[in-house]
Each structure stands twice: as structure tokens, then as C-alpha cells.
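Heads up, there are several structures right after this.
What follows is chain A paired twice: with chain B in the first complex and chain C in the second.
Moving on to the complex of A and B:
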């Protein structure tokens, strides 16, 4: 493991944590458990494109633990972890196997859908009540909107990083 | 090719999601419309029913106090119910506002409390036959 690779991972994790914490200040107009912009996803997408799966999963894990401890409490970690890890895995698969037909925006939408759906399933299990069908329509629509927003930002960031060749040599 | 544009897969995905969301929404609307005027609010915590209130019979505002780690106040009035106070961090339950129709839900994840409005099953049967 090169030290440059470690440094890059640490910098990305710090960014992801900061962005996720800043996001808590932004009020969400829809009062539904789990609906949020998911700006931390931008960093996950950057990691998927420039790093390997192991680094991506490690970053998501670190981000979820730190953000949960600092903001919502340990109990809420079940949500961010289930959604975060699952959506990172699916986005990684879509990027590796289907990047011909999906752009970064599409990958981000897929990630948002997986993230939100996983969270509501975990919520249903914790509450002991099936709330998934009730929340599914609004979650799907909000996933497309938030996925497009974070996907567009990721797209711009990824192109800027490639253009400047920041991650180009030997990570 | 311009990478700012959406690709084919993106568009297909968005259309599929829109259709799926529309179908589930229609199904949910159908379910809540098939009920009656009879409204019963069921409050559950940890999956167990802690109180059931007939919203048609409420005259004076009725308060339910929940104090299991997180303090919460639920108020029921004629035909409607809501969370009014909660110590939870995100306050999603309070922001949900009044529940007035069959199928409506308010959820508080931190305290694992759910309010659901259900119809009266006898009432539904008498209408459908």
C-alpha cells in the first residue's frame, strides 16, 4: 500500500465526513426518515472511479461511523451503514460493468435509490412494521432528484480531477 | 460524445423509476380511498400497539405521553392526530404534521414510534357488500 494512496484515502474520507456534517445544516423539506441530499455520495463516486473497491468500502465505513458518532447517535449508524455499503457496492458494479450505458449521473441515481430503499427496509425491521410501500413512491422520486444533483457535482469534480491529473500517477 | 449529457441507460432508468413510483402511489391511494370515514389511530412502539384511538369519537383533544428514553407528546383531535413534541434529534415525526386519512403514517425512528391511521374493518365490509 503506497503512502500516496493512504494519503488520498484519508483526504477523501475527511472531505466526505465534512460534507456529510455540513449537509445536516441544510433543512430537508420532506419529513420522511432517510430523505436527504446525500452529498457524501460525491466522494464515494470519486473513490469508485479513481480507487479500488477495498478503498471505497473502507471510506464508506469510516465516514458512516464518524458521522453517526458526531451527529445522529450510534443507533442511526445501522441506517447509514446498510445504505452506504450496499449503495457503494451496487454503484461500483454498475460503473465497472455498465459504464457504456450509464453516465456518472445515472450511477449516482442508482446509488441514491439503493441507499434509500435499504434504509427504509432497515427502518421497517427496527420498527417492526412494514413502512416500505408507504414511503417508496416519494423515496424513488426524491432519489432521482438528489441523485441527479449529486451526480452532476460528481461528474464535474471527476472531470476536473482527470484534467488536472491529480490521481493519475501511481495510486 | 458529450459527457454532460445523460446516456441511454440513465433515461431508461429514470422512466422506469417514474412508472414504478406512479404505480405504487396509485396502489397506496387506492388502498386509502377504499376505506370509510371511520378513522382509528394506532400508536405502536417497538412493533407493539400501545394505544388505539377512535378519532371519530374524540371530543376534547386527547394527549398521549410517551416516555421511553425519548419524551414525546401525541395529540388526537376529532378526525386527526399528530406528534406535537419530541426530544428526538431530527424531529421528523413532528414535521410530518397532522394525519387525517386512512393509511397516513408518522414515524419517529429514534424512539421507534409509529402512528398509523386505519379504517374500521367492519365499516369497510358493510360498504363493499
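Moving on to the complex of A and C:
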């Protein structure tokens, strides 16, 4: 793996973590407990569009490890990894196979839905209680709204990156 | 979230002074014990031991409180909302199936156990310098290097991410976060305009950061994980920690 490629992955991981800080000050359009904007998803979408699957998964994995080591603790890694890896995989599949049907906003909504579903399933498995799944429909509705917002920002960023030709040289 | 990079309080305590390897072993053992405890008395004892660890963290009870709040938001809130919806639908459709898997006492005990596991992980992460964690990981996983798994490369990248984050977090807070805060606080803007403003801010930030690839590339080339060294230490503090754990474990066995 070239050092330029590693450098891009490092920048993307740092961006994903830093952008998450903004979530503390941006009000969520649907004020429901547990609902987050998921701004880090913007970076995953950029990686899906400009990098290969291996780099995308590596980026998500490193992000989860670094966040766990830096602040949230090891247990949060189970949540971050399940939601992050699964949503990245599904978004990558949707982008590669169904890009005629799904726009970037659509891909982002799919990612948000998969992310929330995976996290609720992991939480219910850890707690050993399926009752937590009753909360899923609310999270799914909010995923559509938050996915649309992050998808719109991703769309703008992807256009700007393409316009400036930042990833035009092979990495 | 990134308080780790700026907050050094937890790094200057008795718990932080302990050898990272011994602390990791104690944390793993404590996690196993907390996971298998069934009796309420045993769980209380684990709790007391964790309070003792918090005291050795410089009596940082705010840390314990922060963890409780985070745990509450991530686990308890969805659970109780799910429980509420389940009971609500049960009454709405007069169907007992909706509330059939309600075993509240067992679930609460399980939640306590999960919180303990969560808190042990947080205590370890928060009181151990990341260089010691990476140094230890390098030593533990070094046999994998000879099998072709590029552990050293991954550790180098993690190291670079942390260096890069440390360098850019204050700049990001001072520029992007402050500008975003100004946009959010502007009462004359509607929600859509605010989101557009933040979008432009983020687009600029992401695009500009990607233009620093060469700079980061140099950092990757210069970073050498040979500097990550972990050397086993066994002093008075480590003896005290192991001794306290043995006492705790003995009482636990006596209780059983």
C-alpha cells in the first residue's frame, strides 16, 4: 500500500472524527433521544466514490479503533464497527451495482438505515432483549431525514472534489 | 469527544502510573468476573472495587458520572423507549404477545453487568497513554508480522492519525466549529439556510484538508514505530494493585 494512499486514508479518518465534533452544536431536525446526524458518513461516502473497497473498510476500521482508543472505550467499538462496516459495505454495493437508481443522497439514506439497524440489533443482542427493536421504526424514520442531510452535504463535497481533480492522480 | 487529547487530569494519577500490561491483565480479569457474576452481592463488590479504581484515578467521580450518562443514552434510553412502545402497543391491540418477554429484574442485572464491562474499558483507555497501548499491541501482535499480517504498518497509520488529530483539533475547533456555532446561533436564518451554511463550511474544510496529502505523506514516511517501546515495570504500585485484586477476588470467592 503506497504512502500516498495511506496519507489519504489518514486525512479521511481525521476528518470523520473532527466532523463528528460538529454534531454537538448542530440541532437534530427530529429531536428524538439517540438520533444523531451521523456527519462522519459524509467521509465514508467520499471514500466509497473515490477509493476501492479495501481502503474504505480500512478507513472505517481505523476510525472505530482510534475513536475507541481516544475516548469512548472498547465496548463502543462493537457498536461502531457493526454499524460502520455493514453500512459501508452496503453503500459500496449500492453505489457499484445500483448507481443508476440511487443518487448520492439515496446511498446516504441507505447507509443511515443500515447503520442504525445494525446498532440496534447489536444492542439487543448484548442486552439479550428483543424489546429494544420496538425503537427501530422511529430510528428508521429519522434515518431518512438525517441520511438526506448528510447525503446533500456529501453530494456537494463530491462535486467540489471532482471539479478540483483532487483524486485525479492514481492513489 | 476528543477530551483525551487535551485533558491530562486522568493521566496524572495512581492508576495512570501503573504498568500498561499489568493493568490490561487486571482489566481483562475484572471484565470476565463482572460478566459472569450473577449474585447481587458479587455485583456490589465489583462496584466497590471499581469505585476504588476511580479513587485511584484521582477521585475523578465526574468521569464515572460521564460514563453513566453515555451508557444511559446508548443503552438505557433505547431500551426503556422500546419497553414503553411495547407496552403501549400491547394495550392498544390488547395483545399480550407485545409484553411477553418482559423480565425486568434479570434485564436490570444484565444492564449493570454491561455497565461494569463498559466502565472497566473506559477506565483502562482513559488512564493509559496511547503510546503505551500501541507499544503493548506491537509487542503482543509482533508474531503476526512474520506471518505476513502488516501489524507494524497499521500501527504506524494509527500513530499518524493521532499525531494529525492532535495537530488539527484546536485549529478545527477555533475555525470551523466557531463558524458553525455563529451560523447556528443566527436567529434570522431558517433551518435550511443554516444547514446550507454548514454544508459550505464542511465542503471547504474537507476539500482543503485533502490538498494536504503531501504533507501527511511526509509524516507517514517519517513516523517510525520503533519509537513505540513498551517495557515491563514492576514497582510498589503494581504490587499494591495485584494485592488489592487478590483480596477482592478472595472475598468474591468467599461470597460464592
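Methods note: the second predicted complex is superposed on the first by the 156 of 171 C-alpha atoms of A that agree within 3 Å, B and C clash if a C-alpha of one lies under 4 Å from a C-alpha of the other, contacts with A are read in each partner's own complex, and residues count from 1 in each chain.
In this section, a contact is a pair of C-beta atoms (placed from the backbone, for glycine too) under 8 Å apart; a residue touches a chain by one contact, two chains touch by 3 or more.
Predicted, not measured: the structure shown is a model, and the values here were computed from it.
Student: Putting chain B and chain C on the same copy of chain A, do they fit or clash?
Tutor: After superposition on chain A, chain B vs chain C: clash.
Student: What's your read, chain B or chain C touching more residues of chain A?
Tutor: C
Student: In the superposed arrangement, does A:98 touch chain B (first), chain C (second), both or neither?
Tutor: first
Student: Which partner chains sit in contact with A:140 here, chain B, chain C, both or neither? Use first/second/both/neither.
Tutor: First partner only.
Student: Just to be sure I read the superposition right, which of the two partners does A:110 touch: chain B = first, chain C = second, or both, or neither?
Tutor: A:110 sits against chain B, while chain C stays out of touch.
Student: By the touch definition at the top of the document, which applies to A:54: first (chain B), second (chain C), both, or neither?
Tutor: neither
Student: Applying the document's definition of touch, where does A:128 land relative to chain B and chain C: first, second, both, or neither?
Tutor: both
Student: Who does A:75 touch here: chain B (first), chain C (second), both, or neither?
Tutor: both
Student: Where on chain A do the contacts from chain B and from chain C line up?
Tutor: 33, 71-73, 75-76, 79, 123, 126-129, 131, 133-134, 138
Student: Residues of chain A touching chain B in their complex?
Tutor: Those residues of chain A that touch chain B are 31-33, 71-73, 75-76, 79, 98, 100-106, 109-110, 113, 123, 126-129, 131, 133-134, 136-138, 140-141, 143-144, 155, 159.
Student: Over in the complex, which chain A residues touch chain C? Could you list them?
Tutor: 1, 3-4, 6-11, 13-15, 17-22, 24-27, 29, 33-34, 39, 42-43, 46, 62, 65-76, 79, 120, 123, 126-135, 138, 149, 152-153, 156-157, 160-161, 164, 166-167
Student: Using the touch definition from the top, list the residues of chain B that touch chain A in their complex.
Tutor: 3-10, 13-14, 17-18, 20-22, 24-25, 27-28, 44, 46-48, 89-90, 92-93, 95-97, 103, 105, 107, 109-110, 112, 114, 116
Student: Taking the complex as given, what residues does chain C use to touch chain A?
Tutor: The touching residues are 1-5, 67, 70, 73-75, 77-79, 81-83, 85-86, 89, 101-102, 107, 110-111, 114, 117-118, 121-122, 124-126, 130, 133, 153-154, 157-158, 160-162, 164-165, 168-169, 172-173, 176-177, 180-181, 184, 191, 195, 198-200, 202-203, 205-207, 209-214, 216-217, 219-221.
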